[in-house]
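Before anything else, here's the structure in question.
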Amino acid sequence: MKSLTIRNLSKTYFDLYAATHVTAVQDVSLEVGAGEFVSIVGPSGCGKSTILNMIAGFVPVTGGEILVGGKPVNGPGRDRGVVFQSFALFPWRTVLENVAFGPKMRGIGKAEREKIAHEYLALARLTEAAERYPNELSGGMQQRVGVMRALANEPDVLLMDEPFASVDAQTRMTLQEELTRIWQAKKPTVIFITHDVAEAVFLADRVIALSKGRVLEEIAVDLPRPRSWDALHEDARFKALTGRVLQLVRQA
Amino acid sequence: MTTLLKIWSAYVRLTARWPSIASIVPFIPLFAAWWIVTALEIFPLVFLPGPGEVWRSFVALTWKGILPEYLQDSIVRLAVGAGWGIALGIPLGILIGMSRRAHAALWPLLLFFQAIGDIAWLPILVIWFGYGLVTMTFVIVYTVIFPVVLNTVLGVRSIPVNMHRAALSLGASRARILWEVVLPGALPNIVTGLRNGLGYGWRALIAAEIIVGTSGIGFLMFDARRAGSVVEILLGMIILGILWYIVDSWILAPIERATGQRWGLVHR
Amino acid sequence: MRLQHYLSSALMFLLPFAVLVALWAVLVPAFNVNPRLFPTLGSVVAAGLESIRDGTLPAHIGASLLRVFVGTVLALAAAIPLGVLMGVSPVVSTFLTPLFRFFSVLAGIAWIPIASLWFGYGFGAITFVIFNAVFFIVTYNTLLGVSTIPREVRNAAASLGAGRTAMLTEVLLPGALPNIVTGIRTGLGFAWRGLIAAEMIATNVGLGYMLFVARDFYRTEVIVLGMIVIGVLWLLLDRLLLAPLERRTIERWGMVQRA
C-alpha cells in the first residue's frame, strides 16, 4: 500500500452545448497516508467523481499533479484499483474469473491465480458463488465481487466511486460493515466517494467535504474501530461528526 | 483551438435539433471519395462511372418518364404485396399466438416455409402465373408475412396474463378482449414486424424484378447489366438505398418508436 | 430423460409435416393435377433419388454451400476487425454508423447486376454477392456491439492492468459477441437468399440454377425437390447451429439483446 498525494488538482473542460469552459474541480490538494481510509463527500455535481476519475487515469488532468507513493501517475494502471457504482463486472466471465482477472493480466498462471481469487472470495464469504455468472447474483453480491476483484490485484491505492449507491438500504449497511472488516484485514489505502454523509463518516479515518469543485473542510473521524451500525446508531460522537459534515455540505 | 471547438460545438447543437443532418453528413466523405476516384480514373470508367454521369442518367431517365414509371411500378407492387401480407399476417399471428393447438400445428410449417425463402418460389410461380403482377405480389406477400406473423406472435405472447385476467374480471367478452387488450398490447411488436417485413419485402421485390421483372427499379438494374451499362445499375442502387433509408428512418422507425414508447412497452 | 424430451419435441415438430406430406400424397392424384403444374409426391422422391445417384444434387448442394462458406469467411475476416476498430472510438462509430446501415440495406441481391459486370459469371460474382450480404451487416453489428460495451467495464479492465491486446481479446470481442452472432445470423439469412437469386441468373451450377433451369423444362418435380432441399438446408443451418449459438451467447452473459 502506498500513499497518495494530490497537489493543486484542477479540471476544466469545454462544454459542447454551452460552448463555454467549465471548471469541475478547482485547486484541490490532499495528502493520504498509506493504509488510510479517506471519504470524499459532497452533493451531486460537486466534482468528486471527476477527482476519482483523474486519480484513476480515466480522465486527463488539466492542472496540478497526482502522485502515488511519490511517483506521478499517467493513465489507468494496476497501481490504482477501482470499484464502480455500476459494478462493471465482466458478464461473460464467472465470478472466479472476474476476481482472477487482475492477476491474469500480470501473467500469473491459472492454478496460481485461481488460488489467489479463492482466497479473496473466501474473505468476502463468496466461495459458493465462484462458478456463477454475474447476472445470476444480486446487486449486493455483485458489488462484493467488484471489491474483491479490485483488491485481488493488490493495488497501491483503492478507489471506490459511490460503490453502494446502486444497492438497497439494508444491503448497503451490511456491505459497509463488510468493507470495514475487509479493510481491517488488508489495510489498503482507500479513497471512497459518496454523497451519503453517514456512510462517509462510518467508513473513514478522515472525511473531505467537497462542494462546487473545492474542498470545504477536512474532518478527522476519531471513532474507534471496528465499527458497527448497531453501536454507532445512537453514538453521540458519530452524530456530532455527521451533523458537522452535513452542515458543511448543505450550506455550500 | 477554441474556434475549432466552437465550430464543433455548433455542429453538435445543430444535429441535436435536427438529427437527420447527422445521418447525412457521413455520406459526404464517401461521396467525395467517389468523385475523386472516378475523376482520377483509378478504375476504368466503364467499371466505375462518376457521380456526374449517374446524375445525368438520373435526369435523362426522369425526363423521359421511365424512372418515375419504374419507381411507381416498384412502389405499387410493394404496397399491394405488403398490404396483403399485413392483412393476412396479423390475424394469423394472433391466432397462433393465442391458441396452443394452432401454434403446435402451424409453427413448424411456418419455420420451414420461411426457410425456403421467397426467391426459391419464383420458378414455380412463373410456371403457374407467368411474369405478371400476381407472381410479384405473391413473392412480396410471402416475404412480408413471416416477420409480421412472427412478431405478432411474440407480441401476443408477451402480454402479461394478468392483463387478460383483469379484462375478464371487468366483464369483457372474448371478442372484446381481442380488440381491447390483445391488439393494443401486441401493437408495438406488430409494428416492429411490419418494419422488418417491409424491409425484407423491399429486397424481395428487387430480387423478383431482377429475375423475372419487366419493369421497376430492379428490372432497370438488370436490363442495364445486359446492356453492359454500369451507370444505371449504380443509379438504381443509390435510389434503392435512399428510398429505403427515407421510408425506414423517417416513417417506419418513428412510428415504431411512437407506439412502443408511448405505451412504455417493447425495447428494440 | 433429456433424450426422451428431445425426441418427443422433435416428433411434435415433425407431425405437421407428416400431415402435409400425407395430404400431398392423397390430394394431388385425387384431383388429377397436371404434373406440369404440380408434381406428385412419388415423382419428387424419384427425382431426388435419381439426382443423388447421378451426383447432380450433391454437386449443386456442394457448389452452393462452398460459395456461402467462402463468402462468409472472407466477409467475417474483414468485418469483425473493422467493426472493432470503428466501435472503439465513439466519435468514429457515431459518424460511420449511418454509412453502414445504408449499405446493409442493399441486400446481397442488389449487388448482382454490378457483380456480374465486374466479375463475370460464376464463382466470383456469387461469392461477391454473399460477401456483401454478410460484410455490411456484421460490421454494423460488431460496431454496435463494441460501442455499447459500458465505458466502466472498459475502464475496469484498464485499471486491472489490461493492455491493448488483452483489452481486445478479453473485453471488446467477448462484449460484442452477442451482437456479432446476431449479425452473422441475419447476414447468413440474407446471404442464403442472395445466393439462390444469384445462382438463378449468374451461373451454371448450384441450387438456384437447378431450380431455374428446371423451370424451362416444366420439370416441376425438380423444382419442388429443390425447394424442399433449400428449405431443409437453411432450417438445419439456422435452427441447429445459428439460433442455439445466438441464444447461448446472449443467455450465458445475461446481456439484453441490443438493436
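Order of writing sets the chain letters: A, B and C. Residues in each chain are counted from 1.
To be clear about the criterion, contacts are C-beta pairs under 8 Å (C-beta built on N, C-alpha and C of every residue); 3 or more make two chains touch, one makes a residue touch a chain.
In this text, all values refer to a predicted model and were calculated from it rather than measured experimentally.
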{"item": "Graph class of chain-chain contacts, one of line, ring, star, complete, other", "value": "complete"}
{"item": "Winner on C-beta contact pairs when A-B is weighed against A-C", "value": "A-C"}
{"item": "Where chain B and chain C are represented by their mean Cα positions, the distance between them in whole Å", "value": "19"}
{"item": "Chain centre separation (chain A, chain C; CA means) in Å", "value": "48"}
{"item": "Where chain A touches two or more other chains, by residue", "value": "none"}
{"item": "For the chain A and chain C complex, residues of the former touching the latter", "value": "56-58, 75-78, 80-82, 84, 86, 88-93, 101-102, 105-106, 133-136, 149-150, 153, 155"}
{"item": "Interfacial residue positions of chain A with respect to chain B in the complex", "value": "14-17, 19"}
{"item": "Footprint of chain A on chain B - complex, ascending", "value": "2, 5-6, 8-10, 12-13, 16"}
{"item": "Residues of chain C touching chain B in the complex", "value": "12-17, 19-20, 36-37, 94-99, 101-103, 105-107, 109-114, 116-118, 190, 192-193, 196-197, 200-201, 208, 211-212, 214-215, 218, 220, 223-224, 226-228, 230-232, 234-235, 238-239, 256, 259"}
{"item": "Complex contact set, residues of chain C against chain A", "value": "150, 152-153, 155-163, 166, 170-171, 174-175, 177, 252-255"}
